[in-house]
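In what follows, chain A forms one complex with chain B and a second complex with chain C.
So, the complex of A and B:
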């Protein structure tokens, strides 16, 4: 490099002069705002109606930009915490991870933003005071499942194939392996929205987290905090939690976190619970509580009151406690060893369960009976967990024929290993879970089963899974059919059933559509048995008349106050005979309510 | 006259990328001793990453380098993928390379502005930053952000290419390519720049190897070293491009390496436009807040616009990264090497030399 003249180097830069006077390609004058790209990450917009306040956005935000706050006009409800995200743009880095973990898709970013303003509140997103004008300009959204950072697909539960299932009463669902359970538990975002749906308010996110961390014993301890029959719930719970799981918003019911299976998994990890829980019941305080009925609500009361130091005695009419979970639920769903494990644990803390003991009114006629009056006298409090044991009748002609039976006695007989007398072809009437249990049990006896239900399949109160599995097992579904008459042969046996087809008529008041029989559309189905599974009611015949009167039954149910106490002092009640949801987890919840109530009542609080 | 004058060049100085200070001992205009002072931009990135789950940490790493954030994202994602054994779909890899090369182009445009600005040629930054904006527009369309993209995540990329995006990339490439000769005339052939750059801050090949110099400064010494070819990551082994070298090892040679590499980047991007496969753009990962990273350690590196950019990562089986170390080229170039380069240089050349070495304070002080 010398000092020679670089003529090209001196002249060539002046070629830039050709742009002199040309319109610049970057500066716009007069000022026009550049249109932002479709995916731009500007300020937040949130559909407050769609949002369920799960708080995933607040949790993932690495700058703690988002707070979940109460908003006027939005109340907490089942599946909705009632809180909504508030965003502070002083902290936001616009990474939009909040959008990508939003399960409902309510949270989005707009293409609009403010970068200078004299009002500091411009840099806050306060729910309820949003800038509505932003909502027109949606920017970054989470549209497809692949965009979402949630793990939307449930770990599949292995189940026995249908052709194997119908041959056996062995448990159909195999349960998760450790690896599968951890993977499923990993999907849970721990938002806790599900808790609001659980009648018993179980600590769902906590026990799922314990499973995720491999601390199965801790998980069981958390579960046992307010559920003494968790393995039962882990197998047959009606799982309202899952239907309110935030995953369902994007991925559908079938991809909710498998809360039920995870609970089952945790409980199945241990042969018995004594060692895991290592409970030290309080020493007896001298107060005695009688529990009539050894179902979920009764066992709950007995277990937790005993832990608090009360002497509890359960009077169970059947040879084994468990209530409907023993007598009603078929063993392919809830095997006996599983129930025994939980009953043994309940007994291990000192609960006395008197099986084969019927509570009656008046004087007992045998050793297997105790009089209610005596219970009332001897015990400081009585809890009625009597359940619904009386099957309802169809109310059609021919119901008394031989071969026309009720679902509950049938299921009970099967569960207690008694011999049942059924023919080759059966028609089951009903659309609830009992009907499903009934048809599936009959299939296991090789019976050709037809299910008749007056409404459509979507209207069935039964669990979708049950419906699906029943169909897989070869049950014929005939919906919109109403039984008219059961036809008998000359020997007084069921020969056929006459049904009438129905059409669905929308309710002018906006209720659910009603089935209305179509005139003349009759069918006759040949069958050997007709089984009614259309509901049950409580049996109060064991109670003295004056007490029944004082209980002030309403539509067959016992009214109770917030302590679980009936209108008769010292008598508490819970379970199917009290609540309208009539499932095991509600019964357990009732039981816990009564535990608190009885404890307060007897300790004079 | 041999009186030593001490002055601070920075931390606030228009010729400095980011906030960093050089303490200079001058005799007249000549520097006799230079000491770098860093710490003005320290934001404890490495520590912040340790206290956040992997996916939360991903939003931090791009901030380690403002002009070129994407190698950070790519490194971070690839390190996690290597540790956890996550498979990345083919299309995602192509998209990542597209982003990386666009980002290299954008970074070189910004560098052009800085290099020319520090030489006093103020038309160049006006132009180069203007054309860089077209690339930023592409980023905005693809990732939703112009500067910090937060786009390359462990498992792939966050969103698929928008409809017609590759056509627009193609248009921008045509535009940028057509403007390169104009930049030649304005800047690379400019007598002023040549006069000041040729023979300034020369690194000889031996020193370069000894000091661990990487990227354009190393290639400007005639050593053909490029992570993209020597240790191909993503899909670089499937692409056709040249590793550019120059002789001279001075500021001008480094400028020419970068200038010619822009053409290579355009060539790579055109290949991507032509051959990018269809398919998913992401593999599903566990829910980020519950994602337990398998215990392990790895070192991954990319070729950034400033040279080999590496991440060393250690995980311990929890949701958190136990330790992450960022090994950026600026650490070597901008601290120890710079001090030596400045000795004997002119005060007016300090900014030019810093720029030419690719000094980036946030990356030194990560």
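So, the complex of A and C:
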């Protein structure tokens, strides 16, 4: 050992100084908590506003962790069951399947996972209502479609190409094959939220499940439980169920479960329904019910009352029953054999349908007429399913000219195979489904059609699909145009229509924008026909005046009570002349209400 | 041609893989017969340099009657993964243990033995791992009825009496609500 200066020994401790301003690798004080992983699966959080209570989360959970419960302040409404999930943390294993099947994306897991309490029952809570503090730290979510376990794409429906469609009245929609239908049915999670939108409360998840399992006869039996015209509904229903399908939240309206097409598919699997349903109507109980009008509501009443043992007779003015589904809906949407199949089934249980028979007031003038007073006398109850048969008028000058017609008589003539008299160019006025039917029928006669509507296209009450298909078929849409005058030539025939363009003015009260005519913005369109399709009203002229008075009509509609009875005892009513939705499925729902009402009324309950 | 694409050609020449494809950009996946698994993994490890063993997993193909074993390995330099899959019979679920190639395979195999009931021949320590006193069917098999098991083994907590099925609730309660 030498006595030299150990320079290294003196300096090296100071080398530690170079770490002086650096971030230490040791635990820091005060203690900093490490952040949880971004996609951690901790406690549930739920957006109660967004949640529709479909119960998919409760259904998929393998541990029975989730209950669907009522929550104060949340009422059931169309498209929302009003229930919300409640989670039991004694059972949750944080697999997050509940999040992955949530159709709205409202259910998520937070990154919080620590909760300590002596009371085990406090581990039970409704996410979104209690423990809102978790909402700050969102962990596992299912925001992209890729994460979702739901099958979000609808099986495409094949439809005739537009240039073929305009040449024929053959059915345009081809329908699903067995394989396609099963594949589409498999997408349904069976939550039942769609039922909230159906006026008739059809058993939608049940018949879709039967299709999925390949039990098509069972499916038809379920459908016939509360709908005697399912093939009609399967083709032309306004399908509010689909617009409220939970799939729409993530995938849009066009990817809702094709409930309508599936119903159609099930019904089309059979040539006739007698064998499939194998119904045994109750023996006649001696009570008789007269039904005025053979539309959907009337046929529903006749069918189900006959099954209950009542003798039912339907009086139909036209040569064929079916009401507007026969007279109004064009045959490329709802072919006659399809209607016949259902009418035959209704007749097969013993319903009598007297076609070409008009109900009138006073004494009947011919064999084809029967007086209302007599019906009232002979039958124990009368049901009015008269529908809306009187087309509304435009109320502009020149409406009486030759060539100015109404949509409804035109459609009726076409549907019953009568000759129609239209020119080369036509202007149709209106934006509802009748207007769409009218323009599309005219296109099939090779007519150059322009559609005039007072509001914008988004405001049209017609079905989007119909609007789209009409456009494909070459109908010219002129929105925000208001007819002012129909101009005739020297022979009293329509020559042109004068319209005024309009602008949309927002409603200060928050309602939908109103069209206001622009001063001086007139246009004259040459045409051979002007066809008004702006709505229909009911025709009460067949009823005796005292009864019309007693019915106490409100805005042209017949008020009824919860049993479907009008203010006149023994007279029930339903269908378009009663409800404001005025579609076939609402009419069927009204019919079923009246069936219950008439049954209770006649059996003295 | 990227490294993985070249590797794909080599694998196709050397073994007889089915469904050799790229599920992700940096991942090559292929299915080989049982006898080729050790060879494929050995080639990937010793020749290509997939030094790191990522994981071993099992998929239950109940309808086919097969279990699928999935070996995933990682190449630290090329930064790519390879996935070697093989299918074994579900009825007679057994496979050779590969614990000598990477030691951590031991643990994975033990877990799969416990959860799926696959017997790994030559494994030094096949004994219960997570489950205690488990006498039932291995729980990760798809025919294991979790719901049934849960209802049999766990009590219902108080305060869970109220519970509705949305489908039934809509049927009944909605008409009440409509009347309002």
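General remarks:
By definition in this document, the second predicted complex is superposed on the first by the 563 of 605 C-alpha atoms of A that agree within 3 Å, B and C clash if a C-alpha of one lies under 4 Å from a C-alpha of the other, contacts with A are read in each partner's own complex, and residues count from 1 in each chain.
Rule of thumb we're sticking to: contacts are C-beta pairs under 8 Å (C-beta built on N, C-alpha and C of every residue); 3 or more make two chains touch, one makes a residue touch a chain.
Given the structure is predicted, the values throughout are model-derived calculations rather than measurements.
When both complexes are overlaid on chain A, the residue A:62 reaches chain B and chain C alike. Shared-chain residue A:191: touches chain C; no touch with chain B.
With both structures placed on the common chain, the touch criterion links A:212 to chain B but leaves chain C unconnected.
Within the superposed three-chain model, A:10 lies in touch with chain B and out of touch with chain C [touch as defined at top]. In the superposed model, A:120 makes contact with chain C only, not with chain B. Between chain B and chain C, the partner in contact with more residues of chain A is B. Once the two complexes are overlaid on the shared chain, A:96 sits against chain B while remaining clear of chain C. In the superposition on chain A, A:110 contacts neither chain B nor chain C. In the superposition on chain A, A:566 contacts neither chain B nor chain C. Where the contact sets of chain A with chain B and with chain C meet, they give residues 62, 190.
The residues of chain B lying in touch with chain A in their complex are 52, 55-57, 59-60, 121, 123, 130, 133, 137, 140-145, 148, 150, 158-159, 162, 182, 184-187, 189-192, 194-195, 198-199, 280-282, 284-292. On the side of chain A, the complex with chain B involves touching residues 1, 6, 8-10, 12-13, 15-16, 24-26, 36-41, 59-62, 93-97, 100-101, 109, 139-140, 146-147, 149-151, 153, 183, 185-190, 212. Those residues of chain C lying in contact with chain A across their complex are 146-147, 150-151, 154, 157-160, 162-171, 173-175, 177, 179. Residue ranges of chain A in contact with chain C, taken from their complex: 53-55, 58, 62-64, 67-70, 75-77, 81-83, 86, 88, 90-91, 120-121, 123-124, 190-193, 195-196, 201, 205, 562.
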